[in-house]
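Given below, in the form of structure tokens, are the structures.
What follows is chain A paired twice: with chain B in the first complex and chain C in the second.
Coming up: the complex of A and B.
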């Protein structure tokens, strides 16, 4: 366990370094002067020069990279070139809606996956099974922004059930404003989870231990709930863990469509404004989250399945 | 347990085989649907059947009719014609980017597994990094570098996101295949590494990659449309699925058809790819027999 964690930590640092290098290289390659962009075309040359100096934009590439990495290691991400706000607090401010959307979407997906996955497994080959799978194929083929538009049209405009845009806090506000964004993302994720639950429930129902339990007279429902479901959740956990990148990208789209002031919508603006500190911080934040999710996935996997030794 | 997360993408691509009869129906429907869409898109483009950018302000915002199956947009362009023209760009970039991703991933994965050692460690860390890199930000950055409206930029963004999954899968498969008896036999017979790679390893590694590529093609098309929807990819007035949907967003309350109907074509295209992918997998699987599942 200790060696596993040590090795993993070393690898993760290496991966983060590569991520930071790629992020830095990309940002350097984007044409256009960010200071000039922030101040507008009519700003005096001196002001632009001053802003460039403040963000060290004229230092050598190597020294800029070194500053970025050494600051990031101390969790310092500088300040936005456009708004001059420090990046850290700026991200924290916008964190809540994004995290809520991700959690909400994950919960919807897992509930759907367990219900529909188990149902279509015990009715394999029947209409409910076919309907679930074909429905899943439709769901993953929908462009998320298009689905969001259709949902807004149906539930927001015609039925007035949910808000069409914006973010409201508080339980009722979250339900009103974040349900449609979460459903949009869940449509892309749930079909994968449903498939995984279905196939592993099928596999486990036919496994020796399930047959043995059945022959001892233990009821099907009990076997399903006590044994099969627990084993089936293993693969679901791993897929959920590796889907974080997908969830994060999903928030970028839905936050833009629904005008939600989260981290996702920030990233679109940051790239188009060449606001480098924000872009770099976002990339590192999401990269770290993904690595952490993978680590937690492996740990949960080992905890659920005692045969797995770390 | 390996520290590198194993290719889970593949697990659900290979999982959950539908029953035979439904698969048969799906196959027929899939090929018919895909054939129709491809035929319409190619015919319209090759024979230049109408001008997708022809404006007619007197016929603006007409609801769907026989003359305009998808209605017309705010400047009187035929939405159905634009959707068919738009498919050309989406399908062309989507298919080519998927193909190039498979090739790059395959080369990286096989090289890493076959050479092992430092090269393996380095290539796999780069792969990990690219998988952990938030791919929409990656796409935004690449598209911004190449400039707005650049097809090359969209293509590069898709490839940059696409290849790592194939690299992981090919590496894993190569490690498995390399230990098989027939590879050992080939090596004992004195066959060179180039021949072993070409004749024994690559054919076995290609199959799981192709299985994934069908799902990946759908994702790639969705990313192309998303980029242009966000205003970062293909630019108007070039007809492109995402751009057409984005065009209609402002009129969603008065002219719902501009956004919704082209979206349905995108969905149908994706579904037909899913159906065809599963059907091809089944045909090939039954040819190889029950044991042929993993080559």
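Coming up: the complex of A and C.
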């Protein structure tokens, strides 16, 4: 276990270095001068120059990259070219709504997956199975921004159940403001998980051990809950782990539509403004989150299936 | 995964930017009949007259498509910051609804020497939001920062030689040469009067989020990506005002989300309603859409260094082949007026100058004269993910085909990328959205186009000696009639030269719930929220 973790930590640092290099190169490649964009087309050259110098944008590319990496290693991410505020606290400040949306969406998806996946497996071919399948395809096919607007129109404008936009803190506020964003994202994720649970459950129900258990007179429900479900969740966990990237990219759209002050909407603005320090820090943050998610997936996998040795 | 995230970001970002630029695209009102050829008049908005007597109290919730980056008036140039700063600070001079002329602000009066080189301002008794008095020293400190190297608008005050406090309530400015637009420059957000003590005590970074000004409101909280809460400044110098206890500026970048917010009553005001939605929203009970002409223009950049486009006849031919009326209908739904100058409109814009006329035969003739009887291929650069730009490009492609000009459309990442191409000169024709002036007079923009040297970095157009001298004389002349005459000549020359193809003069489109009284967008595209109140019930 210790060796495994050490190895993974080492690998992660390598991957993060590569990510930082790619992030840096991409940012250099986007056309558009951040200082000029911040100050506007009519700003005197001198003012643009000053702002560039303040953020070392005129240093050599190598020296800029070295500064970025060495500062990042000390968790220093510089300050925004637009607002001049430090980037680190800015990200921390905006992490909470995004994490809440992702967790909320994941919980909705997993609950739906287990309930509907198992249900449609044991009723395979029956109406509930077909309904889940068709509904799932429908949900996946809808563009998130459109789905989000329809949800707001129905539950926000007409029924007044949820907020139409914005972020409110506190448990009631989170329910009021983040339910629709989470449902929007879950609509893209849940159908995948449902399909995965359904097919694994079907497969495991027909597996030798299930048939053997059944022949020994163990109840169907008990087999399902104690053996089949646990085995079936393995592949679902893998999908969920690798879906983190999907969830994060989902927040980019959803946070913009719902006006949620998270890192998704921050990344949209940072890219539009060519606010390089923020973009670079965000890419590193997304990279780290994805690596962590993969690590957690492996650990959960081992816990679910002791045959997997770490 | 990164790719997907970045691709999504780029698409959404382009949309957001388009919306940002669109903060000032256009519309005329639905209460009046939309017309496709009527010039809109700066300063005349479609706002209904306020009902009843002003009522104190209440909170105004505004949905904005942009947000402040910083409350430090120096170093910002975006509408998100400027419109919020205007509520928190006073300037010596103010622009108010209903007039394009400078009005007394913190300066209760001023005197100008006959040579136009000395201005002395009398300050009124005003207090900052922390209760300390506004002094001449604060004014000097603030104006000197404005004139310093950091501010993007410093070019508006390059003629100022010195600014000194000559008494507790008197400030004198000396100029190197007359500056006819000095008072307008002193009405900009960049010339906001900040508390010197507070600025020095807090330092720039803290001041940028918790500023101290003498405006109608002060910042109660500011969370980027979310909202700014402004509370009534009890020390504000105007009697009774502001009427509102609180203004909440929410950042809602999605066009449809703002509409849903105001429809559901979650917001009282929603900024930047897209053209296509104005008509529908204006008809809904409980709200109206204010159409306010602003100092903004939608135009096509033509690279005057391109061999073909350097020929005036070719530019004129493209102008004659551009169906402006059709564009106004298709893109702006009749809510924008045709442009009759190549830059944003201002006080001196002559309404008698004709917008682009549509005449294919004449266009063909001009191309023939210029030696392009067989036409040529031209590339138009537009921001990706911007549906208005795509539609515009498609209409131009169709129209210009008729004179043999084959339009190739290149989409780049977003408006920022288009602008990068323009400033490098690596484009043929380009469009990136609305271009705005910050003051309602031509003094800000003309020098960029026509004057050699001076404050302009004129890279777009090879000016003529006549235009150069006309602009220079106009911006330093103290004679209003002479200015009007010169600016009129420059306007006519612009429509002849067509260094840009002017399409439409922009309007701000703001949805306002009916209980909000006296809400008006002024031509420089911000609001005097101290005048706004909410009627009961």
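Everything below uses one rule, namely that the second predicted complex is superposed on the first by the 297 of 310 C-alpha atoms of A that agree within 3 Å, B and C clash if a C-alpha of one lies under 4 Å from a C-alpha of the other, contacts with A are read in each partner's own complex, and residues count from 1 in each chain.
Basically, a residue touches a chain if its C-beta (ideal position, glycine included) is under 8 Å from a C-beta of that chain, and two chains touch if they have at least 3 such contacts.
Fair warning: this is a prediction, and the values are worked out from it, not measured in the lab.
Undergrad: Superpose on chain A as described above, then tell me if chain B and chain C fit or clash.
TA: With chain A as the common anchor, chain B and chain C collide in the superposed model.
Undergrad: May I ask you to decide whether A:36 touches chain B, chain C, both, or neither, giving the answer as first, second, both or neither?
TA: second
Undergrad: One more residue to check, A:267. First (chain B), second (chain C), both or neither?
TA: A:267 contacts both chain B and chain C.
Undergrad: So, does A:70 touch the first partner chain B, the second partner chain C, both, or neither?
TA: So A:70 meets neither chain B nor chain C here.
Undergrad: Touching A:58 in the superposition: chain B (first), chain C (second), both, neither?
TA: neither
Undergrad: Name the contact category of A:47: first (chain B only), second (chain C only), both, or neither.
TA: In the superposition, A:47 contacts chain C only.
Undergrad: If we overlay the two complexes on their shared chain A, which of chain B and chain C does A:169 touch? Say first, second, both or neither.
TA: A:169: touches no partner chain.
Undergrad: Go through the superposed model and pick first if A:160 touches only chain B, second if only chain C, both, or neither.
TA: The answer is second: A:160 touches chain C but not chain B.
Undergrad: Using the superposition on chain A described above, determine whether A:90 touches chain B (first), chain C (second), both, or neither.
TA: Second partner only, chain C.
Undergrad: Thinking of the overlay built on chain A, is A:259 touched by chain B (first), by chain C (second), by both, or by neither?
TA: Touch status of A:259: second partner only.
Undergrad: Which stretch of chain B would you flag for clashing with chain C, going by 77-85, 131-139, 167-175 or 257-265?
TA: 131-139
Undergrad: Quick check on my understanding: which residues of chain A belong to both its chain B contact set and its chain C contact set?
TA: Correct list for chain A: 19, 22-23, 26, 30-31, 145, 149, 152-153, 157, 245, 248-249, 252-253, 256, 267-268, 271-272, 274, 283, 286-287, 290.
Undergrad: Which stretch or stretches of chain C touch chain A in the complex?
TA: 1-2, 4-6, 8-10, 12-14, 16-17, 20, 63, 69-70, 72, 75-78, 149-155, 204-205, 208-209, 223-227, 250-254, 256-258, 260-261, 263-264, 266, 412-414, 416-417, 419-421, 423, 435, 444-445, 448, 455, 457
Undergrad: Could you list, by residue number, the parts of chain A that touch chain C in their complex?
TA: 19, 22-23, 26, 30-33, 36-47, 50-51, 80, 82-86, 90, 93-94, 145, 149, 152-153, 156-157, 160, 163-167, 245-246, 248-249, 252-253, 256-262, 265-269, 271-274, 283, 286-287, 290
Undergrad: Spell out the part of chain B that touches chain A in their complex, as residue ranges.
TA: Within the complex, chain B contacts chain A at residues 1, 3, 5, 8-9, 11-12, 15-16, 18-19, 22, 26, 125-126, 128-138, 140-142, 144-145, 147, 215, 218, 222, 225-226, 229-230, 232, 241-242, 245-246, 249, 252-253, 256, 259-260, 263, 266-271, 273-275.
Undergrad: Can you check the complex and tell me which residues of chain A touch chain B?
TA: Touching chain B from chain A are residues 4, 7-8, 11, 14-16, 18-19, 22-23, 26-27, 29-31, 124-125, 129-130, 133-134, 137-138, 140-147, 149-150, 152-153, 157, 192, 195-196, 198-199, 235, 238-239, 242, 245, 248-249, 252-253, 256, 267-268, 271-272, 274, 279, 282-283, 286-287, 290-291, 294, 297-298, 301-302, 308-310.
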